[in-house]
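Two complexes, one shared chain (chain A), two partners (chain B, chain C).
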Partner chain A sequence: MMPRRGRQFVLSIVLFAVLTVWSFPVFWGLVTSLKTDRDVLAYPPIGPFHPILSNYGEVLVGRASIVPNLTSSLIVSVVTTAITIVLAVPAAYALARLRLRGRAPIGFYILATQMLPPIGLVIPYFMIFSRVGLLNTYHGLILIDLTLSLPFAIWLLVSYFEDIPREMEEAALIDRAGRFRALWYVILPQVRGGIAVTVVFVFLNVWNEFLFAVVLGGRVVRPVTVAMFNFISLEQTQWGRVSAAAMIAMAPVLLLGLAAQKHIVKGLTLGAVKGVSRR
Partner chain B sequence: MSGSARIAPMSGSARIELRGIAKRFGETVVLHGIDLSIAPGEFFSLLGPSGCGKTTTLRIIAGLEAPDAGRVHVDGRDITDMSPGERDAAMVFQSYALYPHMTVAGNIGFPLRMVGTARAEIERLVTQAARRVGIEPLLARRPGQLSGGQQQRVALARAIVRSPRLFLLDEPLSNLDAKLRVQTRTEVKQLQRALGVTTIYVTHDQEEAMSLSDRMAIFVDGRIVQIGTPEEVFGKPASTTVAGFLGSPPMNLLPARLRGAMLEIEGHRLALPYPFGGEDRSVVAGIRPGDITIGEAGLPATVELAEPQGESVIVDLRFGGAALKARIFSGVRFREGQEVQIGIDPARVHLFNADGQRLDATAGASSNR
Partner chain C sequence: MFSGKPARHRHTLSEQRFALGLAIPSLLVLAVTTTLPLCYLVWSSLQRINLGMSFMDGFVGAANYVNMTEDSRFWNSLVLTVEYTSATVALQIVIGLTLAVAISELRHGQWLARMVAILPIVLAPVVVGLFFRSLMLTPTFGIVDFLAISLGLGSHNWLGDPQLALMSVIAIHTWQWTPFSFLVLLAAMAALPADIYEAARLDRANAWMRFWHITLPMLRPAIMILVILRMTVALSAFAAIFAATGGGPGSATEILNLYAYRTSFNELNIGYGSALAVTLMAITLVISAAMFRLRSRR
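And then the complex of A and B:
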C-alpha cells in the first residue's frame, strides 16, 4: 500500500488536473472578455495583452445591453424555483413517507418524464403554445420550465426525506404536532441542506436553459442565454462581448452557490452518514 | 435523577384494554388477536424475543399503526381510530427520536408548544421535568452534544413534561451500556412510582421486565402465551415455551414419565410431594438450573463444562441421555469429566404435558411451588 503522504500527493495531482480542465473554459472566457476583438483573433494567439473593460460596458449599458435579458432570466428562474420548491417539498415528503397506493408507479412516472429528450418536446410545445397564446409569455416559459424542474426536484428531495428517521416524525405526532406541523417543525429544518441543494440545482438548470427559451420566448421574454446569441451573426462573432455576457450571466448562479455553500456541503454529505437506524 | 423535585402524581392514569387485536404486514401475520387488560397506574411489560409482535402492539396502542382487527379502549372509551396526538400518551423510542435541530429545552418543551402552552409556563415545566431527570444543566445543549444516557433522560423528560395518562416505552434502555442500564432502570421505576402513570414497557430483556414490572405479558410469535406478575410467570410458567424463554440460563426441560405422584426421569424415580391426576403418561419435567444442587449424595451425572459467572458457576451436566444446566453458588471448582451427584428437589420440579402446557397438581398442592 502506498504511504499516506504519497497517496495525498497523487490525490493532489489528480485534483489539480480535474480543476484545471474544469476551470479552463471559465478562465479562457474571462481572458477573452478582457481582450479587444483584434487580440482575440490574433494568430498565433498573443501572450500578454492590454486588458480592457469596454466589452463589459457594451453588454451592460451599450446598444445591445443584456440587462433586460438578465431581468427576464431572473424572473423566470426565481419564479420557477420558488414554485418548484413549494410543490416538490410536499410531493417528495408524500412519496418518501406516506403509504400511498400506487406509490411506485407514480414515482416511476415522475422519473420517466425526465427520460424524454427535450428536443422531441419542443415542436409540440411550440404548436400548443401558439394556439393557446402562450408564446413569448413569462407564465408560458415558467410552465414549461416547471415540467422539467419539478420531477428533478422531487426525486432529489425524496432521498433527503428518506434519510430522516421515521421515529422522529412519529415522536412529533405523539407530541400532538399533527402531520403538517410535524413536517414544518421537525422534518423541514432537518432537510434544509437538501432544499438548499435543490434550489441551487433548479435555479442553475432554469437559468442556463436555452432550447425552450429560444423557441417559446420572443421579444418580451428573452433570457440571457438567448440574448448572448445577439453577438453572434453570420458575418461576425463578437467574442469579447459574448464572453463578457457569459461572465456576467454566471454571476447570479455563482453568488447563489456561495450563499448556499454551507448547506450544500451538509446536504451532499447527509446521505453518507446514517447514524440512526431506519425502519 | 433527582428525587428532590416533587411533582404531584399525575391526574388520573389510564386503564388500557386491547380486544382481539390482529395485524398483518403483507403476508406475515404479526399479531393473532391480542387481548390484554392493564390497570390504572400499572407498570406493564411486553416481553418476548425479536419479531414476536410486542413493538407492533405498543405502536397500535400509540396510534402509530392501525390494527387490521380488534379495538383499543382507554378507560372504556374506544380510541382505535384516534390519531396518536389525541390519545394523551407519551412515548420514549428506542432511538430516543430527539429533534437534532432543537436544544434540549426545545425538545422537552415541544409537546407543550404544540398545544399552545404559554411561554413562561413552558419554561417552568421544562425546568421542572429536566430537574426531575437530572439534566437541568444541559438545557441549552443540542442532542448531538449529549451522551447516550443524557439523551435517554431528555427523551424521558419530554415524555413526562406534559403529564400524560399513559407512558409507552419501547426498549428505552437497550442503547445504554450495562452499568448505566441497571442504574437507569431503577430510576425509571422510581419515576413511574412517583408519577403513578400507567406504563407499558416493551423489552426483550427478561431481567429488565422482571425487575420493573407489576405484571408482564410474554409474547411468542404474535400471541400472548402468559400474563402475570414476574413471580407468577417465573415461578409458574404456563408452558414449555415460557419456561424455555425465562431465566438465564432458562429452565431445563427433560422428557419424563408420570405415574400418579411418581416421576421417572432418565431412569431415576422422584417421588412428588403431591399427586397428579390422570394415568401413566409422557410429560416434560422442567427444572430451573438454580434448583439443582451438587453434593455428596444424589443422582449420578458427569460435568461437561463449567462456566464461572462470578458469584456462581454454570455447570453443564450429562445426566443419563439428557443435558442439564445447573447454577451452583458454592464456589467449588469443577473439572470436565468429573463424576458428581446431583440433587433435585421434587417439590420444585415443574411439569408440562406432551403439548407443552403446564400441569398443575391437584388442589392444595400448587401453593407449595
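And then the complex of A and C:
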C-alpha cells in the first residue's frame, strides 16, 4: 500500500485536474469576453492580449443589446417561481404528511409528468397557442414552464416535509389549532430552508430553459438563452460578444449556485437520494 | 384525548378533505398543463398536419407510425438515442463514482471540488453548447483543438466531422452533468456508517475489497436513482446539441428528440413530428416506470 503522504499527493493531483476541467470553460469564456475580434483569432489562442471591456458595452447598450432579453428572463423566472411555490408547498405537505387517499398513484402521476420529454409538450402548446394567440406572450411561456417546475418542486419539497418531527404538528393539533393554522404557524417555519432551496432550483431551471423559449417565444418575449444566438450568424460568430453575453446571462445563476452552495448540494441529494433509502 | 371510534373517524375524514384541498390545485394545474396537451399530441400524431401545405391536412390514422417503420432517418435517430443515452449515463456514473471515491479520501480541499462542481450544473445547456462549439472545439482556435495539435494529435473538425461529432456531443453532455453524479455520490458516501469500514479494516480487507463489497452495494440505491434521473435527462437532451451541432452534420448527432424538433419546426411537418414525439415519450415512460418499480421494491 502507498504511504499516506504519497496517497494524499496523488489525490491532490486528481483534485487539481477536476478543478481545471470543470472550471476551464467558464474561465475561458471570461477571458474571451475580454478579447477583441482580432485577438480571438490570434494563434496560438493562449497568447497574451490586451483586455478590453467593449464587448460588454456592446451587449449591454449596443444595437443587439440583451437587456430586454434579461428582462424577459427575469419576468418569466420570477413569476413562474412564485406560482410554483404557492401551488407546490401545500401539495407537498399533503403528500408527505397527511392521510391522502390514492397517495401512491398521485405521487407516481406527478413523477411521470416530471419525466415527460419537453418536446412532447412543446408541439401541442405551439399548435394551441398559435390558435388562441398565446405565442410570444408571457402568459404562454409561464404556463408551459410550470410543467417543468411544478412536479420538480413538489417532489423536492416532499423530502423536506418528511424531515419534520411529527410530534410538532401533533402538538399543534392537540392544542385545537385549526389544521390550516398548524400548517401556517408550525409546519411552514420548519421548511423555510427547503422552500429557499426549491426557489433557487426552480429559478435556475426556468432561467436556463431553452426549448420552450425558442419555440413559443418571439420578438417580445425572448429570454436571454435564445438571445445568445444574436451574435451568431452563418458568416461569423462574434466570440467576444457571445462570451460577454453568456457571462452576463449566467452571472445570476452562477452567483445563486455558489451562494447557496451548501443548500444546493443538500437539495440535490435530499431530493434524489433520500427518497430511495426511505422506501 | 376524548377518544372513541366515531371521533377518530371524523378526524380522519376531515384530514382527508384537508389533504385533498391542498393537493387539488397542483393536480388540476398539472392535468391542464401536461395531460391535456399530451392528449392533443397523440391526436395530432394521427393527423397529417403540415404547416407548409395545410390544404392536405386531415385524419390519417396510424399512417405516421407506419411511415416511421420505413424511415431510415428515424431508425438512425433511434440508434443515436440509444448510443447517446447509454454512453452519457455510463460515463457520468463511472467517472462520478471514481472521482467521489478519490476525493472523499482527500483530507483537505474537498470543499473546492464541491464548489467547482456547481459551475457546470448551473450553466444553461445552450451556453455550454455554444461555448464548446466556439471557444473549445473550433478547429485551430478552439482550446481543445489547440491542445490536440500541441500534443501531436493533429487538428480535427470535432463537430463537423460525422465520425467525431457524436463523440463530441457525448463528451459535452458528460462534462456538464458528471458533477451532478459526483456531488450526489460524494454525499451518499459521507452518509455511510463508519463502523462497517472499521470492521472491514480489522478483517484486513484491502481498499479494493472494501469498495467492491461495502461501498458499492451500499451506494446502490443512490446509483439507481441517478441512473433514472440521468436517463430521462439524456433522452430529452436538446439545447446543448442544438447549439453545438444542430443535429448535424447531416444527421450525425440527430437523436430522436432533435429529429422530432426538426421535423416539427424546421420542416413544419407537425403530424409526423408529433408521432416521433409520442414515440420518444413512450420510450421514456416505459423506462421510468420500470425503474420506478425497481426503486419502490427496495
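Definition applied: the second predicted complex is superposed on the first by the 235 of 279 C-alpha atoms of A that agree within 3 Å, B and C clash if a C-alpha of one lies under 4 Å from a C-alpha of the other, contacts with A are read in each partner's own complex, and residues count from 1 in each chain.
By definition in this document, a residue touches a chain if its C-beta (ideal position, glycine included) is under 8 Å from a C-beta of that chain, and two chains touch if they have at least 3 such contacts.
If you're wondering where the values come from, they're calculated on a predicted model, not measured in any experiment.
Within the superposed three-chain model, A:Leu141 lies out of touch with both chain B and chain C [touch as defined at top]. Of the two partner chains, chain B is the only one touched by A:Arg181; chain C is not. Of the two partner chains, chain B is the only one touched by A:Glu170; chain C is not. Set against each other, chain B and chain C touch different numbers of residues in chain A, with C touching more.
Legend: residue contacts after superposition of the two complexes on their common chain; A:Pro189 is shown touching chain B, with no touch to chain C. Once the two complexes are laid over each other on the shared chain, residue contacts for A:Ala227 go to neither chain B nor chain C. Using the contact criterion defined above for the overlaid structures, shared-chain residue A:Trp207 touches chain C, although it does not reach chain B.
Within chain A, the residues touched by chain B in the first complex and by chain C in the second are 174, 276-277.
Residues of chain B that touch chain A in their complex: 62-64, 83-87, 89-91, 93-95, 97, 99-101, 110-111, 114-115, 158. Partner chain B is touched in their complex by these residues of chain A: 165, 167-168, 170-178, 181, 185-186, 189-190, 276-277. Those residues of chain C that touch chain A in the shared complex are 1, 12, 14-16, 18-20, 22-23, 25-27, 29-30, 33-35, 37-38, 40-41, 44, 49, 99, 102-103, 105-107, 109, 112-128, 130-132, 134-136, 140-143, 146, 175, 179-180, 183-184, 187-188, 206-207, 221-222, 224-226, 229, 232, 235-236, 238-239, 242-243, 257, 260-261, 264-265, 270, 273-274, 277-278, 280-281, 284-285, 288-289, 292, 295-296, 298. Partner chain C is touched in their complex by these residues of chain A: 1, 7-8, 11-12, 14-15, 18-19, 21-26, 28-29, 32, 40-41, 43-46, 87-88, 90-91, 93-95, 98-101, 106, 108-113, 115-121, 123-128, 143-144, 146-147, 150-151, 154, 174, 179-180, 204, 207-208, 210-211, 215, 225, 228, 232, 237, 239, 242-243, 246, 249-250, 253-254, 256-258, 261, 264-266, 268-269, 272-273, 275-277, 279.
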